[in-house]
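Common to both upcoming complexes is subunit A, partnered first by subunit B, then by subunit C.
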Partner chain A sequence: MALILTYSLGNDLYGLEIDAIQEIIENPVLHYVPRAEGVLTGSINFHGQILAVIDLPKLLGFAGNQRDHRHLVLTSEYRSLVFTTCGVERIVNLEMEFLQPPPDGHDRPAVRGIIDFNETTINLLDTDEVTKQLEDIFAE
Partner chain B sequence: MDMSKYRELFLSEAREHINSLSQLVVTLEQEPGNRETIDALFREAHSIKGMAATMGFNNTARLSHHLEDLLDGFRNSGDIPSVTIDYLLEGIDLLDGLLDDLLDDRPERNTEDFLTKQPVPAADREKKSPDRSIADVDDDESSKAPPEEPDTFQVLIELEKGIPAAAACGILILRELEKSGKVKASKPEMDELREEGDCEQIQAWLTSLVEKEQLKETLLNISGVANVRFIEDRRKNDRRLRRAVDRTIRVRTDLLDQFVNLTGELITHRNMLNTAGSNRNWDELNSALERAGRLIDDLHHNVLQVRLMPLQSITGRLPRIVRDLSRKSGKKVNLQLNGTDVGIDRVILEEITDPLVHLVRNAVDHGIEEEGVVTVSAGREKDLILIEVADNGKGMDPQTLRQKAVDSGVVTQAQAHSMSDRDALMLVCRPGFSTAQEVTETSGRGVGMDVVRAAIRNLGGTLNIISEVGTGTRFQMRLPLSIAIIKILLVRCAGRVLAIPITRVQRTLDLPTSEIQTSGPHRLFRLDEEEICLYSLAETLNLPQAAAGDITWAILTEVRGLRVGLQVDGFLGQRDAFIKPTGFPLNLLTGLSGATVEGDGRVTFVVDPQALLEKHKMVTNL
Partner chain C sequence: MRIEISYKFIIGFIIVVVSGILVNLVVPYIEGIEPEFRQLFSILCSLLVGLIIGSAFSRAFSGNIRRLTSAGDRIRQGDLSEDVKVGDSHFPDEISDLAKAMNQFQASLRSLVGDIRNIAFRVANSSQSLSGTSQEMSASAQEVARTTDQISKGAETQAEMVEESTRLFKEVAISIKLVASSAKAVADSADLTLETARSGSDMAGSSLDSIRQVLSEAESSGQQMVNFIAQLQKISKFVEVINGIAQKTNLLALNATIEAARAGEYGHGFAVVAEEIRKLADSSKTSADEITGLVESICKEGEQVQSSMAQVIDEMESGREADDRTNQAFSDITRNAEGTRSKASSIAELTEQQTSSAERITRAIDEIDRVVSDNAAATEQVSAATQEQSAAMEEMAQSVKELSNMSESMLQIVKQFKLVKDQD
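Let's turn to the complex of A and B:
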């Protein structure tokens, strides 16, 4: 069993292991980052650490401008990234044994695996893919 | 001369290089043909070779030289066959063993077997690979000295629909998996399969050393298996990469005593502040705060002291290097050391050790012709440390360098033509550029100067080359005193506050706006009889530049040897700031060197005007 935080990106439901999340903070003060543009919306002072806030829906190409005021701060294992999402849903307890690789033709971006929950599909976020995309964008 | 006191330094440094060698080889294995990785590997081997040769550890030096040669052969093709990867790893293990020998004061182990052995040619290997079975892999594994850490992953095996005796097939699969590693869990379990007759797919968590592709092949050979997919547990891999290196430092006890005293005083002051605060006694509060400020300054000074080490600790081995080099090359070289008692932050010192040695070697190898003097001098220059390596040799001719750069494809003819002499001299810092006609053990392969420049840049310093044909060459490194706490100038820019390291600011300017001239796309102003280009900090950050009033504020800075002005909207003063490194992906942004947190929690980013201007490509238009 694993605790998964679910959140929406566009019309899809995504999930992230609770273990990967350090804290969820509401309405943090965003600080200007020189030369930041696009998916990098700013930085936050998180207990003295200066962390980048990533607009996850925009990074992964989801339409719509609605963003939840709650920000997900990932653990240092996930490079302490801070994500905004379209909407933070809830925490569910899932049997990870049912985690399936994304089937062929699954066109949602950055999915590590899928799992069905109450007739909805939760796409488990592939954080490595997110990191890789950020590297591609920001490596100069 | 007694080298024993540098032994420990060598051992810790060499171990670091060996660690990155192994990491790089693994990276290369994952992305074959990545030339940057090959170059990086080559540099690491080169560094070990240089250090070991200096210390007189001959087997280590020969082995790393051998690896370096091997890597050099692949630098042009950019493609390393997998058999060479194995060979490289074996060599790295051997290097590691040699270090263990040195650590335990044993004579260096024999490397002859390895040196005379050649990697199996790639063609033979290809013939062999298709019929490699799991059994082969096991054999390989047992013959290798240190076993790899096994990988844990999740495998999903789908069975063909409606096959007879699906459960039996499932059992067969599980047995096969157990042969290749440890099955931590499976769904369904072996017992369930024995009892029930139905099974559509099998999911298993496997810890195994077997390569996934091979496992997949084996599993697909079992009749009834339709598909095999892997779900990786990447977190585990990440954790492995993040293994931190412990570092130690020696501190004088009297310095530690001072820390204890200062901390004690600070605690007393906290109590005074508390009392003054609860009594709302502003006079008392102010004086206690003032005193606390002084205590913090003292503490800061002491902390820096702990981190400072004299430059001598790394220049001590230079005489030996120069002596050996002169003996080998038959040149008569005199080394002079000046001002090496200057204290430098430990981290900076560690990072400049290799670059400094390299510069001295270059001076002997390429600077001096038959007889001459190499001078290493150091000193404080405002908030910076200036370290200069100078020779009185033949000097470098910018024209020769231009031609050489064009010949080796580093720059185009047109680029070379429009290059200033100063930029031409900096060409020696380009990867793959070498002016030496022949390769020696120490230098002349175009490796090194790019490392030197990169190391200095990473520390927030600058490298400057001054050379005159017939007079000699001077390499000047300017480095910050400390990398954690620096003096910053706070400026206003498009409604935001930004910090610029004082070391990047030659002076601040308040120019009468009417005296700024426009020439095509450029703005110019006069300073000390010189026409200087004026750029806008806001524009380099893609922000709108507000129109200046009667006075245009700017800082005077230097980009590639040219003085340039950088317009800001105003100055907010300067102060000491504790610079925090920024997290991913902020650390990838060019021109951001860190950030500092203000008293009220606001985050101010520190920008490097030179990097910003270079990035903005405005200066190249000149």
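Let's turn to the complex of A and C:
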């Protein structure tokens, strides 16, 4: 059993284990970061910590600029990144035994596995992959 | 010297006898004659003398007789141009008397014939001029007859025209009466119109009052609707607040779940509570959304009601204006109807005057008709007289023609007499 926070990326439903989430925050004061890369929207003050806000849809290459006012603050294990997302509303309880690897031809980016929920498919985000991509970007 | 024929005979005889005696006396003195022949010679000489004298005398006598006979013949044939002439003689006799008498007879006959001829000429001339005059008179009579005829026809036409005029004027009189009755009907209609217009004006006034009342009510309804919509907007604001609270609750529930998960086994119950709270927040949000939808649709309907109300008010306004115009129109109608009534009344008066005039004119036309009839009768009498005159003229012309013929024939007869010797 695992608790998964669901959110939307494009037309797909993505999921993230709540173990990776520090907190969900609403309408944070966003600070502009000079010379920031395209996926770095800005920075916020989170209980005294300065955290970078990453535009997750843009990073994963989803078209459209629909962004939610809710942001996900990850745990320090994931460098305390802040993701802008959409449709953050529910936390669902899933049996992780039913998690399947992405089938061949599955072209969604950064998917660790897929799992069915109420006749829809939740793509479980590969947080390591996202972190790796960010490292690649900012290492340059 | 006049010697009658019988004496001439005697004288001749005496001459013969005397010559015989003289010869007898002379013969013996004549040489060459034998005595025995002397007697014979003297007889012969006497015979010769007798023969000479006798033949001369008888020749003269018979010549004169022939001349007389031929003159008588000539006179019988009508030739009076020549006088009767007998041989000239130193000794006129009864023949000469007879010739003279015949000449006198011929002269008197000639003068008689000449007179007759002159008279006949004059009669012929007179009859010719009379004929011309009678022809002229006849022509004049015919002219008079024709003119009278025309006058008679004209009188008939006049009579017909007068009759036609009478008929037409009677029609005119009838028309005038019709006009009078029409004018009265118009006046009545105008009265009716006046009454209707007044009642219409009253009704328009009362309808104006009703419209004003309805209008004020509609305006207050519109105001109420505005208030109602403002109240709805307040509700909408409350719903927004509820929505915000529901979202916050949802977020708190989510974070609570996350915190509960971090608490591990101890946080399990808390997680359940958090989930319930989240569900409540969700259903609150759903309800709030429903309320928002309801409020929006009510708002929309309210706006529609408001616009309908505004429209109704506009229409009421225009109705009030129309009613004002109607009122104005009714007062116009009233004024016009009054004018029409007074005009129709004056038409009625005028037609009464016309009716009396028409009666007078009809009487005058009847009088004219009577006069025209008298004229026609008189003209017919004149026409008859003229025809009689014309007949008399024709008879006279006939008589004149006969007279002319008679004078012509008389002239013809008289022309048989030749009064003057032909020039050739």
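Everything that follows uses one rule, which is that the second predicted complex is superposed on the first by the 138 of 140 C-alpha atoms of A that agree within 3 Å, B and C clash if a C-alpha of one lies under 4 Å from a C-alpha of the other, contacts with A are read in each partner's own complex, and residues count from 1 in each chain.
Definition applied: contacts are C-beta pairs under 8 Å (C-beta built on N, C-alpha and C of every residue); 3 or more make two chains touch, one makes a residue touch a chain.
Here the structure is a predicted model, which is why all the values come from computation and not from measurement.
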Report task. Assess the superposed three-chain arrangement around subunit A: do subunit B and subunit C clash, or do they fit? Result -> fit
Report summary line: To the nearest 10 degrees, subunit B and subunit C lie apart, as seen from the C-alpha centre of subunit A, by 140
Report task. Figure out whether A:Arg70 sits in contact with subunit B (first) or subunit C (second), or with both, or with neither. Result -> second
Query raised in the report: Who touches more of subunit A, subunit B or subunit C?
Result: B
Query raised in the report: Touch check for A:Leu5: first (subunit B), second (subunit C), both, or neither?
Result: second
Query raised in the report: Does the superposition put A:Arg79 against subunit B (first), subunit C (second), both, or neither?
Result: first
Query raised in the report: Touch check for A:Tyr32: first (subunit B), second (subunit C), both, or neither?
Result: first
Query raised in the report: On the overlay, how many Å separate the closest CA atoms of subunit B and subunit C?
Result: 16
Query raised in the report: Where on subunit A is subunit C touching in the complex?
Result: 3, 5, 18-19, 21-24, 26, 70, 88-91
**Report entry** Touch list for subunit C against partner subunit A, complex
**Finding:** 247-248, 250-251, 254-255, 257-258, 261-262, 271, 275, 278, 282
Report task. Sort out for me which residues of subunit B touch subunit A in the complex. Result -> 154, 156, 187, 203, 229-231, 234-235, 238-239, 242, 496, 498, 541-542, 580, 582-586, 588-592, 595, 597, 601-603, 605, 607, 612, 615
Report summary line: subunit B partner, complex, touching residues on subunit A are 29, 31-37, 40, 43-45, 48-52, 77, 79-81, 97, 99-101, 112-113, 128, 131, 134-135, 137-140
